[in-house]
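Following this line, the structures themselves.
Each of the next two complexes has chain A plus one other chain: chain B in the first, chain C in the second.
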Partner chain A sequence: MNGFEYIGKNIGKIDAMALATGQPLFTDDISFPNTLHIKILYSPHAHAIIEDIDTSEAEKIPRVKLILTYKNTPQVLHTTAGQGWPEPSPYDTCMFNKKVRYVGDRVAAVAAETEEIAYEALKHIKVNYKKLPAVFDPEEAMKEGAPVIHDEEGISGVYNPKRNIVSHIEVKAGDIEKGFEESDVVVEDTFEMQYAQHCPIEPHATITYLDEYGRLVIRTSTQVPFHVRRIVAQVLEIPVQNIRVIKPRIGGGFGVKQEIILEEISAFVTLKTHRPARLVYTREEEFVSSRTRHPMKVTVKIGAKKNGIFNAIKMYALSNNGAYGTHGLTVTSNTGSKTLPLYNKAPNIEFIADVAYTNLPVAGAYRGYGATQGYAALEQVVDEIAEKLGMGPAEIRKINHIKVGETSPIFKALGEGREGVTQYIQSEATDKLLELGTKEIGWYEKIRKPAKEATKVRGIGMALLMQGSGIPLIDMGAATIKLNEDGSFNVLYGGTDIGTGLDTVVAQIVSETLGVKPEQIIVYAADTDVTPFDKGAYASSGTFISGGAVYNAALKVREQILEVTKEIFGEFNTKDFILKDGFVISEKSGKKVSLSEIAYQTLYLKKQQQIMATSSFVSDSSPPPFAAHFIEIEVDKETGIITPIKYVAAVDCGVAINPELAKGQIIGSIVNGIGYALTEEYKFSQTGKLINSNFMEYRIPSSRDIPDIKTILVETYEPKGPYGAKSVAEININGPIPAIGNALYNALGIRIHKLPYTPEKVLEALKNKGA
Partner chain B sequence: MLKLKEVGQCFYPNTIEEAAKLLKESGEDTRIVGGGLHLTAFPNPAIKTLIFLNNLKLNYIKEIDGKISIGATTTISELANSAEMNGYLKGNVKKLLQSIASELLRNQITMGGSVAQREPYSDIVTMLLTLRADIVIHDGEKEIKTPISDFYKSNFRATLKKSVIKEVLLEKFDSTYKFGMKRFTRNATDIPLLNFGILAQVNEDTIKNVSIVVGARPGPAERFAQAEEFLKNKTLSKELAEEFGKFVEENVDVAGDIRVGKEYRAHIAGIFAKRILNEFMEE
Partner chain C sequence: MKVHYKINGEEKEFDIQPGELLLDVLRRNNYTEIKGNCYLGTCGACAVLINEVAKATCTTLAAQVNNAEIITIKGIGTISEPHLLQKAFVEKGAVQCGFCTPGTIISAYALLKNNPDPTEEDIKRSIDGNLCRCTGYVQQIEAIKFAIKLLKGGK
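Coming up: the complex of A and B.
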């Protein structure tokens, strides 16, 4: 027992009943009379100039209200990435561009009285394209003479547009070449990770309308309401004060809703027509024209001394950003910055990365944010060097991983798109994670255990992981809390629960701090007119940053309550007072006053004031959660089919404020990662058209594909987090690729270097091994 | 967005004769609604008339004249959970039915719908072809019974513009018959990327009366005559299974598509062929 009443307890999600009973909670669950429906025309070409676009025929169709193209919309170069400011992603797109850069790039939008009419009108828009040569491979794209994808005037923040290089990153510590020379064993390997989509069950959706005073209201399924407001203001060249963004419940984000990709279109239609407008993506649009994971080719080279201590680690990442550079620099920075500090014993480190434009769909933020691709390679190469040294996978990780009180030069050298901050590890859980996970999976009993059927073999594999909690000195959240007559509290905060349970965690933090039940906390989140600022839901920052802000506000409110109580009790040492079950109690005198009474007193009678406080939280560090993942798989040697049997995730996320919700995040991430490892991939035609943009052909796991997953929470205390908490949302997606890869090697002695691990590739690898 | 917005008429006939007559009279843009799955998954906006089979009481599984008769609107779940399937071909049909798609879809997919659509990836079609089922249709005046392989050789889509499927008949194979069917999917709820069925009479290890069907090739399911010929009168053994697997891999008529390559389809067909024979020996 931790001595807390509400922290570390499995309080039911506060929105669960409303969700389960189908209340109109999501963006598209409500409709306004007179709404215009918007549909978008997309480019059939991978690379082309729009020589002319004729909308006159489409405009003649009855009940078509407005057609938008680059000709009649603001040409403001911006980034669609909803990140902090100044923005680290390049300004390389307008609402509509004269040049299209991938099959699925937007060309025009129609606003009509019904969706059917809007679809019909799209067919009557005549576009003359001048086709240009396209490039789909990032290596080809960076070569001299390759088609230049961004040759437009005025773009900024691109490293080398002439060579299609969005960003180039170089970070070095020590002397890498000398490091390898002085190593006894050196191993290098390359892994290629594929395009994948987030697949939120609720696709992107936006409804816009004007309020009674003519201000623009944007109701949208977003992870970043305040960035939506800022970027829509920028793109439409209107003041921030004229925009209100409301975030209703969100049916999953996973990073794809950290982009502003339809709000500005809907907003523009509303501003032009003074009518409500609605734009909701289909599943196909979600696949083709929203955002994806960055496909990456990652090479890792490790040099180690005979005793197993790493002496040099080099990582090179080549990232494919697709047609626009959103999240290019920051995702790929994370590929190094969230992985290399894990093995801080190596004095010689080098991380180099290139991010390339290609004529393919646009990559963006996706759970794991580049670390997933980094770990896919790093954690397999760690196993490879362990084998060469004759060491066990857990053993080599134990002697090389970062430990409590230690740091890594990478923390300071590489932040998110700029220099990072020095930080020291506060957690000593990692050895325990390795130990408990090894035990739970039954490592030593299973390491050479044959499968029951002769044609099948079993294998086990592991991976060690870290991530971060928010972006230090950039991410800020704020919250306001006020007391009501019945002793309940309103919490107004800018944090964005996208299905994760953050609102529930926030209620628990306030309950604990103010001694009231979670039922008495009314959480209202993310309405830019009503709640204070918050950077939004990304970078594993919900509990740590937004929760931290709520915690600070609750402490201030507590002070105000105690101040008022002094007079009521006639006692003046607030250290004697405790808040419990809706009362302030003096432990000295036994006097007791309810929060309700305090509220009545202060609202109507004495010392009249609203007990209320606002506070913010920003952190100078990004405390990493740690996780050790283990998997047992069964591989059918004849069919190549890999079946995950058991998965163990031992996780240090600090204090889990709500352990069941934390476990939900862990299991969800693992399943997400298994899908990426085994079945999920984009398939393109030769002309760059995505040909599997539906759930029939793009296979995400169903509940029947989930193995037995055991989660082990190893509690540590993170001094900077609310009640000792740090993050858990992303880290666990990083495990399945390397763990399955290592298990496959354990089972059959093969490594597959191009993801996903399909049965066809397993058989091919077996054939090559035999040959 | 309402996809079937042109639908102006819905009929609920009380007899199959009436249903067939309505179908004949109402023309091209009419569809029969059995389970309704195809209609909701692939709504064709041209459809103007719907004929629902709800009142026809075609939801049954019964034994008649030594055959198992399965009504056209019986779902996969109903068939899988029926007493008739418990011991049928040693429970192997039941096991197969329970592995198809998801519980939700099995509650919606009907026997009649599967036969009528003949999706290339249908497991039901491969299963019925393997089991040499008879299809009973009603043309408004009379019932017509046709072996399923003949039914598919004919212009069945034209026939079904004027006739309604009434039921599927399965023979009650005696204990000398063995059935096995395997399906390759990318994950649990996927459509099969290849399915392979064998029904054979095994008398003192000698194989007779064999039918072999390959589906999701990715073309529609077809009898695999060469393979049937290969097994005829052979003695069941591990060596035969091995040999047969190789024969199937080399001779099966499959192609590649975006889901999986030709080589893998042929390979997995061979593995399935071998494994089914091996399982026959274990029974």
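Coming up: the complex of A and C.
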């Protein structure tokens, strides 16, 4: 279709058969003799100082090997956020802290011969806590006189620790007040998004051991192997060269495995005992003591001219980071930077945000990365102003969205912890997304006011979205490719496939560039001893950045092959040569040589060399993918239950290198987003303890909760991406909240301002409306 | 105490503690194809066939199913000789991280054993105890339908 042999084809995921037949691929699927099992003691208090810890009783228990507390571990302030160096997150935590800041904060760890013994030992650790007043609400936390959560010496990167403010962001363009004054219609609304968790079905798991030479090996379920190596070295104060991090297959991440929260403990146990160690989170620990989405309260105010063109947009976000500041600045920056440029017609823009500490679980990276919370509010306010103007939701979006060749001042003003980068949109097909999506959902037939008399009422809603592809001028990936005797290639790259199919996408990129079948590409990824560096799996960077690196390396290898072929053919214009089906062919003379022959020649006989190359990729822009989402819901007025009926996602991710895998990313995101919109929510006791830390009480969607989902890929060509590709993995989680919110309004004329949209809230909103 | 099982066609005997869960006993003995860690029967990743019925091993006592016949994902098909369900999952993009996959295929296998001609609703119900956070289920359902088609094709 597009003239490509392997790009745009549905190659089966290269690791899928091994996974579907249960090969031992995950972190905890292998075990070593003599392994120590680690269990962790957590704080029962939301805020307290550890006056003393007595581990002597626990140590007496037979087969307990080691107990760790703040007393016998390095006190190095760092961030657990696995971000590029220098991390834009504050250095506000130690491996074990003297002060605990939420129910579930780490107090001690036990390494023992079995898990049971480790659990038993935890019960015998005596901790004297001095309880402190706690604060759970971010607004309260920022007030004068609130308990100060981070009052320790030496923390850095916190905006105002005395007021519990992790970060404060202010970005302006034009004159916002004048912008509203000069608008004909102004609408403002506020939405509050809740605590929720990623729920990868594989929890965090780490195994550490010393290799034959006494070097530390960390086999871990991570999205960021290279950042793990760097941060473990930092925390344990050992050289990077003494550590090898291996990423096996990962059982889902969605952002939660972009944190270094197990590795340093397990590594420390191995270094102290010279024995293998294993630390695997339970489901409850995954909920309480890993990471969550940042709960946020977002206010959006839009002013528009009579013709519907936006004149001013103001967004205020208040983000709750919980007890530690990981990803606080960057997630919340993205709340503005990934949303506001979508409507670049407004000359007057203001984005202000505060990120607060509270005594609740720690928020971190989560698919969508702040944009989810931003769109939840923005896309509902866009509908509200459309109604005031008497315009259709699709119409108002059509005249306001960013187009090819255009830019937004926000790109430059708001980066990831530093100034951003000016960029112009080079690929976009938003009108087409809206057109195909409205058609597929049957928008214009269904938008007429639904029958209000029936108990079950249907409604439809839409949302328009963008994200980015990698972090410009920050994210870097690298790859090495080498040729073998049979014309196969090894690809060694640092990119981190956590279930997304990146390894397969990479194989397709190499196949296309070197003219060999994907079966002849052996992909080995993310082993810090073997592969080049890559920032890891986050910021929608896999295909774009890691794939870009692989593409660059393949181009270099291609050059080397052509150079050798010149001599074999006795022809000197490499422009005449093509690579196809494992051969180099001269289109001029018809001469042909196999890659296998070239490999034998160069490895053993003539022009001896290993044909191989290493290359890197860093981008000066972050090309946004775009998506238009549509949903039809049915609401039962008697029970308040919302049932999603049909979901349509029209998505522009550039050229989809593997459409079937792209579809999987889109649907997986949507269903995760539906869960966040309808059921998923942390519930806390009065004392800040999470009370629904299991799948019975924290409901994620099952196969019977999903609507009929239709994905439409609208192909554009992104000149900056490998073979025209942009990202696809995150953007689609941003749609369900605003689309369902807008559909609820269409169905019943109600807006619910506090997520999730539970039956109780629907009934309450109906009651208030009736009153 | 000792328990005997027939696992994937092989006779096995294990030493267990009374009260031990089948999941722990099997994983400890290298049946690591059985996943799961919720220990509440809520995620389905630890499912195997016990006497032909798909069951969560995390809520089953090892002693309670002494002498049972157990089939894990490896008993359904192997990497060199995969079952059509496994092939269909690969082909239809139903495997993302793959952590849920063994359990989900076990459930689908059990369904097709009893009902070779299930409706879409039957399919959804058969895997509704197998949580998947990656796929959003659509391609899993498509894969099961595709496998049914292949199986009917007489293979």
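Note that in this section the second predicted complex is superposed on the first by the 765 of 771 C-alpha atoms of A that agree within 3 Å, B and C clash if a C-alpha of one lies under 4 Å from a C-alpha of the other, contacts with A are read in each partner's own complex, and residues count from 1 in each chain.
Just so we're on the same page, a residue touches a chain if its C-beta (ideal position, glycine included) is under 8 Å from a C-beta of that chain, and two chains touch if they have at least 3 such contacts.
Since we're looking at a predicted model, the values are computed, not measured.
> So, does A:251 touch the first partner chain B, the second partner chain C, both, or neither?
After superposing on A, A:251 lies in contact with chain C but is clear of chain B.
> Could you tell me if A:704 is touching chain B, chain C, both of them or neither one (first, second, both, neither)?
Touch partners of A:704: chain B and chain C.
> According to the stated criteria, A:696 is in contact with first (chain B), second (chain C), both, or neither; which is it?
Both partners.
> Could you let me know whether more residues of chain A are touched by chain B or by chain C?
Looking at chain A, the partner in contact with more of its residues is C.
> Examine A:679 and indicate which partner it touches, taking first as chain B and second as chain C; both and neither are also allowed.
First partner only.
> Output check: A:203 vs chain B and chain C. Expected answer is one of first, second, both, neither. What do you get?
Second partner only, chain C.
> Would you sort A:75 into first (chain B), second (chain C), both or neither based on which partner it touches?
Neither chain B nor chain C is touched by A:75.
> Counting only touches as set out at the top, which of chain B and chain C does A:242 meet: first, second, both, neither?
In the superposition, A:242 contacts neither chain B nor chain C.
> A:614 in the overlay: touching chain B, chain C, both, or neither? Say first, second, both or neither.
neither
> Touching A:19 in the superposition: chain B (first), chain C (second), both, neither?
In the superposed model, A:19 contacts chain C only, not chain B.
> Could you give the residue numbers on chain A that contact chain B in one complex and chain C in the other?
Chain A residues touching both partners: 696, 701-702, 704.
> Would you pull the chain C residues touching chain A in the complex into a rising list?
Residues 32-35, 37-40, 42-43, 45, 72-74, 77-79, 82, 86-87, 89-93, 95-102, 105, 123-125, 127-141.
> Across the complex, what residues on chain A touch chain C?
Touching chain C from chain A are residues 10, 12-13, 15-26, 28-30, 198-203, 249-252, 254, 280-283, 498-501, 660-661, 663-664, 667-672, 694-696, 700-704, 706, 709.
> Show which residues of chain A lie in contact with chain B when the two form their complex.
Residues in contact with chain B: 115-116, 638-639, 678-679, 683, 691-692, 696-697, 699, 701-702, 704-705, 759-760, 763.
> Give every residue of chain B touching chain A within the complex, in rising order.
1, 5, 102, 184, 186-191, 258-261, 264, 267-268, 271
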